[in-house]
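Each of the two complexes below includes chain A, the first together with chain B, the second together with chain C.
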Partner chain A sequence: MTGLGHAVDTLAAWLAGGPPGWFAVTLAVLAVWVAPLLLLVFPVAAFGQILERKIAAAIQRRKGPNSAGLDGPLRLVFRAVLCLLPRERQDRAFAAFCNLVPVRTALLWSRRLGLGQFVADGIKMLGKEDIVPRGADGAVFRFAPYLALVGAFLPWCVLPFAQHLVMLETEVSALFVLATSGLVVVALKMAGWGSGNKWSLLGGMRAVAQLVSYEVPIGLAVGGVVLWCGTMDLHAIVGQQYAPGVFTLLGWNVCQGPFLLLLLLVFFVAGLAECQRSPFDMAEAESELVSGFNTEYSGLRWGMFALAEYTEMLLIGALVATLFLGGYQSPIGEQWLLLLPTWLETLLHALILGAKTLVVFLLMMWIRWTLPRFRVDQVMRLAWLVLVPLALLSLLGIAVTLLVAGGTTEGMAYGRLAARPRPDLSWLPWLLLWIVPVLAAVVLVRAANARYGGRHPALRRLTGEGA
Partner chain B sequence: MTVEASTPAGERMTLNMGPHHPATHGVLRIVVESDGEVVARCTPDHGYLHRSIEKIGECVEWPMFVPYTDRIDYVCAMNANLAYCVAVERLLASDPATTVVVPRRAECIRVLVAELNRISSHLIAVGAMAMDVGAYTPFLHGIAQREAVNDIFEKLCGQRLTYNYVTIGGVAFDLHDGAVAEIAAFLDQFEREMQRFNRLVTTNTIFRDRCAGLAVVDAAQAIAWGLVGPNLRGSGVDFDLRRDESYGIYGELDVRVPKGEAFAGRHGRQGDAYDRYVVRLLEIQESVRLCRAVLQLLPPAADKPADPLGGHQAEVSKILRKVPKGAVHVRTEAPRGEMGYWIVSDGGKVPFRVRCRTGSFTAAGMFQHVMRGIFLADVVAVIGSFDVVVPEIDR
Partner chain C sequence: MILAWVHDVVEGVRSCLTGMRTTGHYLLENLRGSGGATAITREYPEQPAERVGARQRGHLVNDAPRCIVCHACDTACPVDCFTMDGERDADNKMRASRFDIDLSKCIYCGLCVRACPTDSLSMTPAFEVDPRHDGSRFLFRRSSGQLGQRLDAPDVERLQRLADQPRESLAAADRAWLDQHIDPNGPHLIGMYGLGYFTPEQKQAADAAREAKKRAKEAAAAAAKAKAAAAAAPPPAPPPPAGGTP
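Coming up: the complex of A and B.
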């Protein structure tokens, strides 16, 4: 009807009680697209920031945020609700409430986990002066953070959160994700150029070089999945990964042979580079470029860049889950989930997707706080001489598998989507598909290790292995 | 690896790295002429931390200069104290009447604190180097161990950074009760901790590949440019003042000298940034061994608890009111290499001249030479690999 997707159409029609007018459509778009993003992704990204600080602290044997609890926000709520009472009575009520044992425990834990930190950080950020440097290109400088946010948020529109929870159903959603996330490149370049600062400029240049290079392996990795699944529709790709039986995870793309596993690795590494995370954080390398493209940003504009970065990390996590790890499907007993009432099923599906995303997110943090940073030339070499050839190899492997497997069976996809055919692998070819490439890889790695892997005895002594 | 800058001189971008840049250790300023990501020329600019310490030396009495030596290199203040005190003792020894004999226990304690401080100084060096390359965590793990050393020093002399502990003729205080057991326990856990540190960062492929073949200084160059200490040894020169020109009781100890051997393997070359880094780690190991050896040598404390160091402090202060005429240059091995004092006495109670020679100064002089043609990202890694500490350059 409006071309804005099933959910928008349905809601608009329901609101208008007939054919929807522009007002109903706008409301429906706000309700279906914008509100979930604001309500879901913002808090999750803010929570991600706390999580990151806690994890960094654990890795570095510190405590991390441990004092800012939710007492302050709670007191604000009391003030707002009891605004008609005098200040003392408000405080007395607040104290009485806080003395309840469960509340006291909860507040204690919120302090220990530093849950109030993002409230404090947010208020601090809002209070900062919005500085535009004298040499800056004002309009470009001001606009860049918004564009970064848009680029980080748009891809979420086509992501299937649950079987009945997709904002925009389209046949080409995989392409949509790649195209819209490319907006971030422009934003970073604008920030780097518009700041009128040499460090920013260098950061912006690095960001563009890196992001444009890594679009290639990402594109190839997505292309491999598209080739395997025979569709560009992310929702259909999720549906394809359904397998009957208790162990639903056997249907996941990552279990469909070593080439798809390889693609997962390529996608993950390139995804790390796409969201400028360590070890690919050259564009904002603190020890080299002060802060890279966002050196000159302060306050809310800086916050937008930070939020865009976290949103993008979450996006990479969600995409890894969607393309390779069965999307919103449960690893075991998916078919029982489908028997539940729709709202419960939707909730569980969304939670499962969130859990998978979180795993990838945590992995990214672990990597960030452990590894040193690549140099510019090494980053480029990794993209063009390692990731691209590996992705091409996987594409070839997948193509050969499809060719050899010959016949196709009816797809196992369920829900709104039509079933698509998928290659028919009985257990013997499936096993061969795993064993042969894995053996070849092991032999190669061992040979490379024997040739180049020898470590100086002094280093062996330093690490305590041998001698 | 190095790349030739292709842009002509007029069109390059001049970058001011420092004095307030997150990665230049302290207030070091480096003017970088860059051609995109490649450094075409780089000029270090010093003097932001100049405090006229050497001039102050001409105005205060002999023992009063010791606290100032702390500030010459606050990352290893014990070694800075020691260098000055050894120099003054050498000057005093030029006249038999004024010769000061340092009690043996004090000599042992001196070596002990000097080596502990060398450990904590090298921890800063290797941790900061890892941080410059982008790994933030190892630095904090290093700092945690340095804190443990600082705790020991705090119990010893009440200070955590500028100790003023080694005095002319001995040390300020005897070891506190239980110090020996405490230090031995620290060394044991420290060794395990360093193995974890090395597994985390030293043998990390990214880190190794970043530093391999970077800013190579061969042995002849290192000598010609006057590099000292771990930077010199990183280039494969087998020279250590503790062994080759020993002072204190270092002559009795078996000081082994690690040197650079292209540790990075395939892409590494002798004298690259990785070699300098690994030599520091090997020196940490050696220092642990020396500390243990000294704990074995340590004689029991003196009988009179009030005067644990042989009761000659009063005598020494009397001697220092009239230091014999003459001049002496004494070199000692500090963590950042040779720390030498050229002191001149005109026979009074105030030095005529105190001049200090430090390792960071020559290392910083090397920057212009080694940084041509490297990537901008490596500038900070090279600074880190030479382990320059700015107060030592500017004094």
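Coming up: the complex of A and C.
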């Protein structure tokens, strides 16, 4: 099943010409796992940055990057390939190529969409001086960005991209994700402390306080899914969400009652806070802390933090998809997708996961460019007084459902592990599961509205009305 | 208490959704290309620029014959854009022999225009500079009949363009247009490198010659002064040796 794990073994054995030693294994892991992952995530994160700038512009009713096209990078490629020819010949070849109608149209569009922007940004970042402030704790300061990148990249190892495309199958992959993404906290703290700068230190402190707080609702949300599916293996969780028939969609965790839907919301909001995005960008808070933990960073080190942020956003998107939205499964007709040849199925699955991730990613951007930043106390309040109680409530609801429903079904045996059972609800209990809590919620909200009127309690306190 | 909490959460979610509805509306509008600043944004270098208004502060132009080389603009300028030299003309009036405005330094504050006592310095709405130009070429000689004529942005642009070339190389129509707008007599065009110089070498040579002349004049003056001093010195010189030892 694990094509990639097998590939590592084969390559290592081939490299060593016999039973592989640690060096051959490291090389093989680098070649088979790390390099493709980097090659995949770097461009995607870079593309995410452009997308973000375009979306931000659209929301703010402007145009966004619209001049940097791909013609510049293409010219560099031409120069590199034709480096033996004289300069004018290179240029003439380039001009001839660019004048082909489809190429010209594509290049024009790449300009209009600002696609060359990330190349320009990357070159700019490469060209910047790498400054370590005099008061900085050099080693800590230098090491922090790498750690942030590691924390952002490691969780991808266990993420199922497709049925045969998982780097590392373990039975505890959900725990692995939580544990490794926790490295980012350490990285941010190191960056804040190592910079020897008060803004950075404050940003680092805030980052730690925020990330540690939001680990709790995230952990609870993942715990809820684990409880429901009876497994900690992400791949098995994906397999659990399979439903035969046309509407595979109905098997998704998010459709299994309002409690899991609530958990999805909790997970999403907490995930937003985990990747330090506005409205949770307390740690950067330009208007308060200059740039927070990365005030003193420049050039590529800064770039690594930015990359880690985007990678983490993508990760949250992929996790939302995996835990709640059926992972890489198609919303309709998954069972026919499985009949396709393996390579095509793998490709389609990966694309579907990408599309789901993209949707969550877009939602994150939409939120970022809509909501203003919270205050520090509001962030803490949201975590401890809203998200944690909601998550606990959902956990309770899921536990009760499991107790009452009890019945189980076999999911698809995706991955290395056979899927473990989860409740199989026929349509009546399923409907009840939806209707009862939703009705209860509606009653509660109406009562609250009747009691506190249409106005916000804070506003009422301010105006002294209804005291 | 629970009700207050529920209300708080619901209100929070509702206000978020309200905000997102607004921005989502903008987003869709923008993607459709209608509404917002997107619809009225002009992509400037590709699309022609609009004139902002009559009082737009663009490039400076100096009407050479009116300039009296008083350096008032030079004094007013906060960034030292001006390099000017003057000489006396036939009527013993000062006129500019060189008047360069370094537009790469200019911040278009307009202080120089206010300072100018003869109103020879003025700002035009033109603001585009051909990157090949060094930007110091806005001195045009105009006859007294032409002084009232206002040079508009397109005119200035055309002047700038034509001023880069020697007069002989211009097309007949261009030459006629030039003669209409600036003094047809004498070196009426001051090329982009200064008075009548169309290449940097020409200007360098002229500058060098002027410098040399100045230095020669200074040297001559110094020599004359030394001679005068030498002539004046001997009379007081003798006394000390004479009555130095009483």
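The rule is short, and it goes like this: the second predicted complex is superposed on the first by the 418 of 467 C-alpha atoms of A that agree within 3 Å, B and C clash if a C-alpha of one lies under 4 Å from a C-alpha of the other, contacts with A are read in each partner's own complex, and residues count from 1 in each chain.
Just so we're on the same page, a residue touches a chain if its C-beta (ideal position, glycine included) is under 8 Å from a C-beta of that chain, and two chains touch if they have at least 3 such contacts.
What you see is a predicted model, and the numbers here were worked out from it, not measured in a lab.
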More residues of chain A are touched by which partner: chain B or chain C?
B
Partner chain in contact with A:Gln60 - chain B first, chain C second, else both or neither:
both
Return first, second, both or neither, reflecting whether A:Arg373 touches chain B, chain C, both chains, or no partner chain.
first
Classify the contacts of A:Leu432 with the two partner chains as first (chain B alone), second (chain C alone), both, or neither.
neither
After lining up the shared chain so the two structures overlap, which partner does A:Asn449 touch, if you call chain B first and chain C second: first, second, both or neither?
second
Determine, under the contact definition given at the top, whether A:Val386 touches first (chain B), second (chain C), both, or neither.
second
Which partner does A:Val290 contact after superposing on A: first (chain B), second (chain C), both, neither?
first
If you stack the two complexes on chain A, which partner ends up touching A:Val212: first (chain B), second (chain C), both, or neither?
neither
Common interface residues of chain A with chain B and chain C?
59-62, 369-371, 452, 456
Footprint of chain A on chain C - complex, ascending:
2-12, 16, 19-20, 22-24, 26-27, 29-31, 35-38, 41, 43
Which residues of chain B touch chain A once you look at their complex with the stated criterion?
1, 13, 15, 21-23, 36-37, 130-137, 140-141, 144, 192, 194-195, 198-204, 206-207, 209-210, 258, 261-263, 265-266, 278, 281-282, 285, 375-380
Contact footprint of chain C on chain A as seen in their complex:
55, 57-63, 66, 366-367, 369-371, 385-386, 389-390, 444-445, 447-449, 451-452, 456-457
Contacting residues of chain A [partner chain B, same complex]
56, 59-62, 198-199, 202, 205-206, 278-279, 281-282, 285-288, 290, 369-378, 452, 454-456, 458-459, 461-464
